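Shared between the two complexes below is subunit A, which pairs with subunit B and subunit C, respectively.
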Partner chain A sequence: MLDAFLSAGGQVFHPTVLAAMLLALPIGLIVGLLPGISGISALAFLIPFTFGMEPLVGLAFLLGSYTAVSQGGSMTAIVLGIPGEVPNAATVLDGYPLAKQGRAGYAIGAALMASALGGMFGCLILILLLPVMQPVVLAFASPENFFLCLAGIAFIGVLSSGAAVRGLIAGGLGVFLSLFGYDPTEGVPRFWFQFEYMLDGVRLIPLALGLFAIPEVLALMTSGKQIARGDSIEPISYRQGFQGALAVMKYWGTSLRSSSLGAVIGVMPGIGGVTATFVAYAMARQTAGNPETFGRGRIEGVIAPEAAKNAEEGGALVPTLALGIPGSSSMALLLGGFVILGLQPGPEFLTKHLDIAFALAIICAFGNVVASVSMFMLSKPLMHVTRIPGRILAPILLVLVVIGTYSAQNNSYDVLWVFIFGLLGIAMERFYYSRAALLLGFVLGELIERYFLVSLKAHGPFFFMRPIALIIVALVVLGLLWPNRRRIIGLWRPA
Partner chain B sequence: MMSRGQIIFPCLIFAVVAALLASGLFVYRYSLTVIGFPLGAGVFVCVMCLIDIAMSLTGHEPKPPANDMPLEPLSWTAVAWAFALVPFVIAFGFVFGPALYLLAYLLVNGSSRRLSAITTSASLLVTWGLFIQLMRIPMPIEPLWW
Partner chain C sequence: MRSACASRRALLAIALSCGMFASFAPAGAQDASMPLKGETVRIYVGFSPGGGYDAYARMLVPHFEKKTGATVVVENRPGGGGLTALNQLVRAKPDGTSMMMLNGEGAIMAQLVKQDGVAYDMTKINTLARVAHEQHLVLVRPDMPDTLKEIQAAGKKIKFSAVGRIDNLSDYAAVLCEALKLDCQIIVGYKGSKEAGLAVMNGEVDALAISDGSGNEYAQGGKTKVIAAIGNARSPFKPEVATVYEQFQLPPDRKWYMDFRLSIKDYGRVMVAPPGMAPDRLKYLQQVWKEILTDPAVLAEANKSQRPLSYEAPETLNKTIKEILESLSPDKIKDINEVLQKKYS
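Now for the complex of A and B:
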């Protein structure tokens, strides 16, 4: 195994492989900066260019851009309040308030450092787990995945503290909206009203951009003023960024917990990055002091989702490489890239090409670091965006949101829906309904239904009586009770 | 002071969810397997909405934290301008629609002609050059009503 690792290191640092990765990185960064366009678009755009490339060169080309996309998405989430990719929506919650206070650089520095460290952590997990991963991934069947999703739902209450009932309404509405379109077992379309677009249900990108981007654009259009408007606006400098990066070291516990959570969620096929970022955010809020200040510019609220998101990407490569099961739609496309390059991921891949698997993990880690450094260089001009008057910036952002929404699925109706969900987002923001809870409910609702029905059919009504499922339940209960541990222990002590 | 919106918004959610559930149960007559989950989620939302409405009516609605920056009221002009992008796209397509929208918005809202022209050109460059030519996204150039 050590031989394979050393061989991988030698292959990755070959000039051709490095050149391919560095060529793809700027493309990933640009794609990431465009709202609605995700890593899958970058992969779809780049795959045709890999024809005829050596396998590792081609994969470095694809992964180089893929790792860079999320960094770009974090920038727009912080600077403009518009998530570049859907998982970046969790970064908006505290990153954008920091930008409004004139501390965008601080948030950017923290986001980039957390992303880089999270990404490296995810790749380390990938390297450590690859040789032994098969039984672990296979131990997670539908019942375990059902409880993992349920664990995510349990955090909705945490996301909405201060207005618990409204948070639960938002989460429940998210679950309800996710159940439109084809039902997973019988294939009957629900609530489609003979409108063909609705056969596939409500789409994630118009929902996320509508909820988060439209209210910010409208607020900018109304005020006409710049984003950074606090009383203590700091001058734009790289110093803010360095301070943000240091904050990740200060809150190393949050960073480590979120990275671990992201990597674990990534390993489970089909649960996804949005769950990882929102649950990491909720966990950070749950474990920090003064949780009520989250949502108003807490740096841990930036560190947690960023670390989780990039660690999740490393984790998602595990089932793709070890089992040939893509953990997400991007991984499915990457799997296609493997086939084009003459490789077939799966158990046999690890015995035949363990060196390539390790090389991919190193590329991911290296890509994360290089993308973070590149984005840091770009951060100063990006911070200037927060000082552009809203009357100029707002229409430009709106156009980018509309074009990005259309480009995600090439469907004009998505553009209409982004405005409809925009209205919902405005109302939710003004009446204190958690938009994050709605998005988390939406992402998990459909998964919960599918895993529940499959578990029931495959394992019967006692499907929950499985050791891993029970451990997950215990961990969730522990996580939710943790902030009140002293009070609970006090109840047990004799008076 | 409680605003009317605090009551109207949960009422609207309740009405929409209840209407959708009723259509599923009584119009489309979905089987229990098909409607089971949406029914559970929908009933939960409706019950929570009723609790929320009751809380608002009895003066227990959530209040903004004392040190929170208050949200500015939205202007109807801004809302109209934002939604105007849709007719622009329908009338002129995804390349020229956004460009013309930017030109109109910036000129009307007091930006210089130079800035408006540069922004419009940049919009054309991004939609046509980056999205259509480079990324090969099949974005309709012609008007959508065509």
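Now for the complex of A and C:
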């Protein structure tokens, strides 16, 4: 085991492997910075370049770009209020208000440090779980996944600061939108109005970009002013970034909790990054003091989703390597890359190539750190973006949003939908309905329906009587009651 | 000074006109033996990047470009389980610049059971070549009996995992249950075949009918075991495992469903073009694909990346489609619908 680890270290720090990774990082960072273009697109674009590469070199190339994408995605979330990738939407909630206050650097520093630490934590989990990962993955079946998604729904009320009812309404609307198109179990299309596009229902990328990007673009366009305004705009400097990075250390509890949550969600195939980031955000809000100030620029609101997102990817490597079952859609693509490089992940992979598995974990950790550092160096020009007048910035953003949306599926209807959901986003912002709650409801709606029906069919009506499922339920109840613990304990005690 | 400037301008003009000429040259230089030279060809894939269909298409593109002189763009148009892309292909110009790497089995089944959203007719679509086809294996949990005979004799209910009501996973499970008169429940709703495989590994279901490449992969490490091959021949991945036909002497009426489904399997992953193509263009494309898919170097490359090719001529495939889609009586189609979609739900 130690031999394998040492050999992995030796292989990773070979000049060609490092060179491949460093070559891929800028591509990942650029893809991440473009709204709507996801890590999946980056991988799909890069896989053909790996033909003929040595397996580890090829994998370093792919993973290197992939780890960089999410760092890029959080930057646009903070600086522009537009999630670079859908899971980055949670970072918008507090990151963008900070940018508006002229403290983009502070948020960027915190996001990058949290991403790096979260990513390293995820990889650490991967290394620790490698020898025992199979039973861990296999312990989670449909009922456990169902309760985990239900936990996400339970936190929807929490997401909308100070307006739980409005949050639930928005979440309900999200669940409603998830019901369009093929139903997840029987494959019968619902509400498709004989319109071919609607067979697959509402798409995630137009929804996320419409809700988050269009209102911001419109605000910039109509006001014509720069993003960072207000009385206390700090000068652009790396100092802000360092302060942000230090904040991650200050709120180490939030970082650690969010990273653990992210890693656990990553281990379970099919739950995904959006759930990880939003649940981590909600959890941070529940456990912090003055939860009502979340959504107005709390640094924990940036740290939590960023740590969870990068830890999730490390976790997602677990089922990918151990069972050949991808932990996320990007992992599915990575799995394709493995096969092209002549490696077959699965139970045999760990016995035959434990060193490569360790090497991947190291690449993943190292890639996270290098990506964060290189992004940090780019942070100064990024902070300048918040000082560009809106009338110049808005048209550029609009073009990027349209291209990002179209490129997701090469479908021009998606572009139309971005504007329709944009109107919804504007209305929601105007009337204080949480857009994040809608997005989480949308993502979880489909998963809940799927896992509930499969659990019911496979395990019968008492599917919830499983130890891990009950533990998840208990943790959710605890999480929801936590802010009111003193009141509840007070009720318990005799007066 | 002035003359230097003028000569520089003249050079620029020459360079520009050369550039313009060069950019127009390929279109002008179209010769009869390479009618697609200089054209941009789109190959549709009905699924997201990274899946099997996408990988096959991307693997074959460089060879097609080399043979035809065309520039090929692989367009992922996911939606409707591949239906959307096929519906769009049917509406494309039939000049050879649009093709699709199609899940032929899925397309035929969807048309047969009149699935919502089908706007194509497989008997009219131009088949260029079969790229690959797969055998199917029956996988069970390790604590299940070692043979189908013992499972049949035990008479207990068997749960199969599958993705949708009409997909390879549930179809093969249904015809197997029908042929062997097993007490089955097919649980649909798993996100993909890998998740369906995971359900067998974690004990949520008992069995899975899956393509041999994936089945062989899941059976490694002892988390599942392979007990039968569904097909007329054994799988090259598991030559030691006998087929259902070897293990059982089935009466014709029960064997029919399995034979029927296996005949669709022969259509496999197929390259198709829109209906209404000029005969010479169609013939040219069919010939190009035949040369690519039977080239030993391409075959070796495909085997290396674990995406084996198995070319079949369009004439044979067209005959199969006609037999399946035009010769079945409405009652028989109703029967098939009942077995595949309702009986084991």
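Here is the rule we go by: the second predicted complex is superposed on the first by the 494 of 495 C-alpha atoms of A that agree within 3 Å, B and C clash if a C-alpha of one lies under 4 Å from a C-alpha of the other, contacts with A are read in each partner's own complex, and residues count from 1 in each chain.
Note that in this section contacts are C-beta pairs under 8 Å (C-beta built on N, C-alpha and C of every residue); 3 or more make two chains touch, one makes a residue touch a chain.
Please read these numbers as outputs of a predicted model, since none were measured by experiment.
When the two complexes are overlaid on their common chain A, residue A:N410 makes contact with subunit B and with subunit C alike. Once chain A of one complex is fitted onto chain A of the other, the partner contacts of A:P55 are absent, as it touches neither subunit B nor subunit C.
Of the two partner chains, neither subunit B nor subunit C is touched by A:P131. In the superposition on chain A, A:D200 makes contact with subunit C only, while subunit B stays out of contact range.
Of the two partner chains placed by the overlay, only subunit C lies in contact with A:I340; subunit B stays clear of it.
In the superposed model, A:S41 makes contact with both subunit B and subunit C.
When the two complexes are overlaid on their common chain A, residue A:P26 makes contact with neither subunit B nor subunit C. Of the two partner chains placed around the shared chain by superposition, subunit B is the only one that A:V165 touches, whereas subunit C remains out of contact.
Contacts of A:L179 after superposition: subunit B is touched, whereas subunit C is not reached. Shared contact residues on subunit A (touching subunit B in one structure, subunit C in the other): 41, 185-186, 188, 410, 453.
Contact residues of subunit A toward subunit B in the complex are 41, 45, 100, 162-163, 165-166, 168-169, 172-173, 175-176, 179, 183, 185-186, 188, 190-191, 193, 214, 217-219, 221-224, 292, 296, 391-392, 395-396, 398-399, 402-403, 406-407, 410, 412, 415-416, 419, 422, 426-427, 429-433, 445, 448-449, 452-453.
Put simply, subunit A touches subunit C in their complex at residues 40-41, 43-44, 47-48, 134, 137-142, 182, 184-189, 192, 196-197, 199-200, 269-270, 319, 323-326, 329, 332-333, 335-336, 339-340, 342, 344, 346-348, 351, 409-411, 450, 453-454, 457-459.
By the touch criterion stated above, subunit C contacts subunit A in their complex at residues 48-51, 54-55, 58, 75-81, 83-84, 87, 116-117, 119, 159, 164-167, 185, 187-192, 194-195, 197-199, 201-205, 217-218, 220-223, 304-306. For subunit B in complex with subunit A, the residues that touch the partner chain are 5-6, 9-10, 13, 17, 20, 23-24, 28, 30-31, 33-35, 37-38, 41-42, 44-45, 48-49, 51-52, 55, 62, 64-65, 67-69, 71-75, 78-79, 81-83, 85-86, 89, 94, 98, 101-102, 105-106, 109-111, 115, 119, 123, 126-127, 131, 135-140, 144.
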